[in-house]
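Before I ask anything, here is the structure I am working with.
When the chains are written out, they are named A, B, C, D, E and F in that same order, and each has its own residue count from 1.
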Amino acid sequence: MTGARDPEEGAIFEKLLQVSTDSAWAVCSSMGYPNSFIEGLTAIQPDRKMVGRAITLRYVPIRPDLRAQEQAKGSALNKRAVELSGPGDILVVDSGGETGAGFIGDVILTRFIVRGGAGLVVDGAIRDLHYLRTVGLPLYIRGAHAAGSGRRIIGIGLNEVVRCGGVAVVPGDILLGDAQGVLAIPREIAREVADRAYATEHKENFLRATLQKGIRTIDEVYPPSDEVLREYEEFKRHG
Amino acid sequence: MTGARDPEEGAIFEKLLQVSTDSAWAVCSSMGYPNSFIEGLTAIQPDRKMVGRAITLRYVPIRPDLRAQEQAKGSALNKRAVELSGPGDILVVDSGGETGAGFIGDVILTRFIVRGGAGLVVDGAIRDLHYLRTVGLPLYIRGAHAAGSGRRIIGIGLNEVVRCGGVAVVPGDILLGDAQGVLAIPREIAREVADRAYATEHKENFLRATLQKGIRTIDEVYPPSDEVLREYEEFKRHG
Amino acid sequence: MTGARDPEEGAIFEKLLQVSTDSAWAVCSSMGYPNSFIEGLTAIQPDRKMVGRAITLRYVPIRPDLRAQEQAKGSALNKRAVELSGPGDILVVDSGGETGAGFIGDVILTRFIVRGGAGLVVDGAIRDLHYLRTVGLPLYIRGAHAAGSGRRIIGIGLNEVVRCGGVAVVPGDILLGDAQGVLAIPREIAREVADRAYATEHKENFLRATLQKGIRTIDEVYPPSDEVLREYEEFKRHG
Amino acid sequence: MTGARDPEEGAIFEKLLQVSTDSAWAVCSSMGYPNSFIEGLTAIQPDRKMVGRAITLRYVPIRPDLRAQEQAKGSALNKRAVELSGPGDILVVDSGGETGAGFIGDVILTRFIVRGGAGLVVDGAIRDLHYLRTVGLPLYIRGAHAAGSGRRIIGIGLNEVVRCGGVAVVPGDILLGDAQGVLAIPREIAREVADRAYATEHKENFLRATLQKGIRTIDEVYPPSDEVLREYEEFKRHG
Amino acid sequence: MTGARDPEEGAIFEKLLQVSTDSAWAVCSSMGYPNSFIEGLTAIQPDRKMVGRAITLRYVPIRPDLRAQEQAKGSALNKRAVELSGPGDILVVDSGGETGAGFIGDVILTRFIVRGGAGLVVDGAIRDLHYLRTVGLPLYIRGAHAAGSGRRIIGIGLNEVVRCGGVAVVPGDILLGDAQGVLAIPREIAREVADRAYATEHKENFLRATLQKGIRTIDEVYPPSDEVLREYEEFKRHG
Amino acid sequence: MTGARDPEEGAIFEKLLQVSTDSAWAVCSSMGYPNSFIEGLTAIQPDRKMVGRAITLRYVPIRPDLRAQEQAKGSALNKRAVELSGPGDILVVDSGGETGAGFIGDVILTRFIVRGGAGLVVDGAIRDLHYLRTVGLPLYIRGAHAAGSGRRIIGIGLNEVVRCGGVAVVPGDILLGDAQGVLAIPREIAREVADRAYATEHKENFLRATLQKGIRTIDEVYPPSDEVLREYEEFKRHG
């Protein structure tokens, strides 16, 4: 149950759940995307993996005419995003690094969870961390604050390209999160990233096990010598 | 056993223990105090609530003539504050954000705990984190350092208005801490803040439960439509 | 089993394992080394003590001619350091605070652990935190990043004097780490630091216990009055 | 010659050229816009006033698929903005604070100057400062860098609402810059801001002259006592 | 015309006007005050020396009850400080590094100049930089902002010990400012600092002149060899 | 008189004096060195170009055993570097960004100037800015401080590869400085960088002049259309 929309996406999500952001980054980088790891956020659920697709929100500093424009749309930006979301969706929020107000709190996020939301990545702050750290949803945040968004920020854009932790995130990007942070993978290359990172992960598990025997040096194993490669091929054939 | 000095304060403390800093901030803000949430500190006991009243300490950069003046008072500032403290007191320390020396360590804090101290909020550093993180006292700190205060700072003021994490704290303020930080509530409005935040908390618990049924949208529930409000009134009457 | 190379070092390591960085810093400072506590790193295993001796690595910003020079040495800097290491060694890495790339990942660190490595202190980032936070090795890091070193840095020096978290670390320094950070102790004074810090620790445990009885004030106990000192001498004689 | 498009705008520009950002901020704040002063930029021509209207550009971190999209538009974002501009226009650039690459250099800015551009406000960096500081155009920048934009950023939006120095800037905003920074004035209130700030400026000039006589105290003059107000009315009548 | 109150102070001020903050710091440091140079401020009049005595002001984050208390005192803190000031006084302002609002503007500072004020040292911001940079008063500031103090801060203390740029400043301290910043000299040692720094300055001028002849190496001259010292004694006797 | 050691170096220096860091960076980047512009330093003589070759110094945080080792070498690191220097040399100093102490002051720098030193690039602080800003030597510094190096740092390495403003600098690198900062050019590519940057500069001067006529759009001129290129070839032939 990965929240995927179709078998193709499901296959990607399944594989990504078994790889680290490091293995996936290495593939992204080799395919032209070295600047894809979101920096500077704290993982509130470091023991959980996160996989899903990006819905983006953009906030700018508070200004009354912009607030009036948002109100004229009938509902605040975070609520519109949440109602738009479904299983496997992750909210990616560009608050410009502002940590003096939270863009969302426990009530609206409850609705997001009910709709199947897979995680939250915020270059800024959330509210209600006291409660939200207990519900299991993967959260990557720059901070938490008791104040509502109106103290500092106002929502201005839904599903635009945004800046988040030094990375450009495009709506629909596949996101992979683990204890150290979040990788934004362009959808066009996600299948290849998942496949190749999974292969890397499998091999590196073997290499670590080889090293743990205490016989070979790091130069024999990483990158693997021909002999170690043969052992790995053997391992793959026979388990 | 909240450390309150009288039933009035006890009622406030009891209620605040059941609310989040978010709900309390919203009331503070509506009463003219939007700038009351202390920012930038780390909660060392994020699973514990903290409620109490502020004793303030002010430190400035170390200077030998000021150290001589402090010594002439017979005892260091932190020790005088600790002996002054009683049940329900919280030390709020303005070290100007200095994290290159701790203003207090395990021995002096042991005395504070014995006297009933309820917590520590430091815009600066403490020492002995290795030990102090195990004793259960809520700690909100900018950092921890092995060095004693004399490496960088000297105590200069007891129970003055201080700056802490971007907020002015007045001695006697009621403090509420949870996983995301600490709210400084002026004593004059603490009763109303406690009452109204408690009511908010009660209602938002209901709204979250309503959303968890998965039927209503966020726009129906938050803020609640007339129908949801009626359900809530019903809920309050019948549990 | 401390990883010590000889009984002398073993005695030092044993004692240091029982003291805090605070007690040890106080001795270092009194012996002329007040600037010995490494600042600004996060302890990934805050419940574990770390004791060992420093192997240092220096990285500078990436540059192709320097990369070519490193490659000409046959193996990358981190791999050479790991093969050089043995029981009780700790890698101290000066990456100039760069957190946009990790200097080491899970495979190479597995070899370090197999060789008996005692810890890692990095003024910069590592990779594979998802895995490495589960293996028990004490890690003190400024950050973690999915990218390999080549994105930002290149190894330039092994066992030079380095800068790390505001402290100069000399190869062979004895390092002591606890929940709040790492102390770099010059080898020449390590025996005295261990002995005197152990004595301090023993006495302060007694002083805390004395305070916990709730009878004496902090001014009687810290520093101890003649009477409390007599009680402590008594305690030392009879347990 | 203010670059105004019509007499109405011309009257606003003329008056704003004679007021400080302080006087104009005070009016903005009283009309609900306290968060309108752009912070953290350096004025390269601190002796020159800047007045004009905002054209906004938004950049995000570099990413190859976004670069391909920009290239498909036929021309880079900064070039499209420059060809769009005319007399009185000011480019306001949201580069997210990135100072590791310049979004524009001397050649493209020469075209902007030829078209009558009135200034540049960049939450990020420019190139060619060596030359551009000599051409007289008011520049407000976070930094300058020798590298072209492709090292770090890519243009993504023209005339969107943007974040700049902690302020939301809407395309068409009237901007006023002096030695200390830039104020973003919503077009709807610009006339009133110009009129009232001009009146303030006139009065404060008189108050400073009054103080310079050395007879009255600050409490008599600021805010002015009835007597000083009468003197000011007299002054206004007779020069 | 140094603004000194008596011949003793006049002699100190005269000498300090001829020394650098470096020479004076060296004496302060040798007398136990190494932490006396205020860091992180920008000199707005880098070509002017500043000498005077400190009047201190302390601001904390804005809070309505504190504002009411200040208003009850009849006049704002900055105005009270200005009316208190006389020739040779320097305002030293602890705004906690806040640069989002100015604590003072052109009108009130005009009164300060009329009263003979000698300078301004602000760990925070001023307003009206456009005007104030033209009046010649030495200004050392962290920033400038168009907003009045009420946006962020409130005055709380006059002539208390304050923190400013990492240094404790005591009311009455003698301040010396040059292009690189400001030194706070305790009054008790100011005479000796002025005398010894003046002597150092005189000797170093000679040493620089000696080096400019191009014959001696730096090791012969700094510190001076016996021969160079003899030349210096000769120089002192004969000019 | 560029301080070059031989005609080859002289030709490089002459050409670099006529190009901007931007043009030179573009060539460096195209040859594999995009990370060559030193960031975050302030130019004290922004109107002067700087060209020369790097002598590097490395400082680490102060520590008494390291100070004893430096003293055993007979002379402090900065003095040894200065006596080693000759015409065209530039000191590049890695102080790890430390601005709490200056690594050099007016007396030692006077000797450097006498020996023909061409500039100073410091990832840290100098002393005596009051004097040194008047002597014309190009200075690129992170800060200035009245305190001597012993307050914070100690010299540890001469002519090692160092980190400076986010760039690796190798001894012997050719440095080019202008108003916006300093470019470090590997010696192996300096000739080609100088030649190609000079050609770029020449062409861009023509393109700016073309634009200033106000007829062509930026898309016709930058990059130049075939027609503009023909005009440029014409211009080169006939002046």
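Note that a contact is a pair of C-beta atoms (placed from the backbone, for glycine too) under 8 Å apart; a residue touches a chain by one contact, two chains touch by 3 or more.
Small disclaimer: the values here were computed from a predicted structure and weren't measured.
> Hey, what chains does subunit A share as contacts with subunit B?
For subunit A paired with subunit B, the chains in contact with each are C, in label order.
> What's the overlap between the neighbours of subunit A and those of subunit E?
B, D
> Among all chains, whose Cα centre is located farthest from the one for subunit B?
The most distant chain relative to subunit B turns out to be F.
> Give the pair among D-F, A-B or C-F whose set of contact pairs overlaps with that of B-E by over half, matching residues by number.
Checking each pair in D-F, A-B or C-F, only one repeats B-E, namely C-F.
> Per the centroid of Cα atoms for each chain, what is the distance between subunit D and subunit E, given in Å?
32
> Where the centres are mean C-alpha positions, what is the separation of subunit A from subunit D, in Å?
37
> In subunit A, which residues are in touch with two or more of the other chains?
Not one residue of subunit A touches more than one other chain, so the list is empty.
> Looking at which chains touch, is this a line, ring, star, complete or other?
Topology of the interface graph: other, matching no listed pattern.
> For this entry, which pairs of chains touch?
Once each pair is checked, the touching ones are A-B, A-C, A-D, B-C, B-E, C-F, D-E, D-F, E-F.
> Residues of subunit D touching subunit F in their complex?
74-75, 79, 82-83, 99-100, 102, 105-108, 110-111, 114, 127-131, 133, 143-148, 151
> Name, in rising order, each residue of subunit C that touches subunit B in their complex.
Going by the criterion above, the answer is residues 20-22, 24-26, 29, 34, 37, 39, 46, 178-181, 183, 204, 207-208, 211-212, 214, 217-219, 221-222.
> Can you name the residues of subunit D that touch subunit A in the complex?
On the subunit D side, the touching residues are 32-33, 35-36, 60-66, 96, 154, 156-157, 160-163, 166-168, 170, 186, 188.
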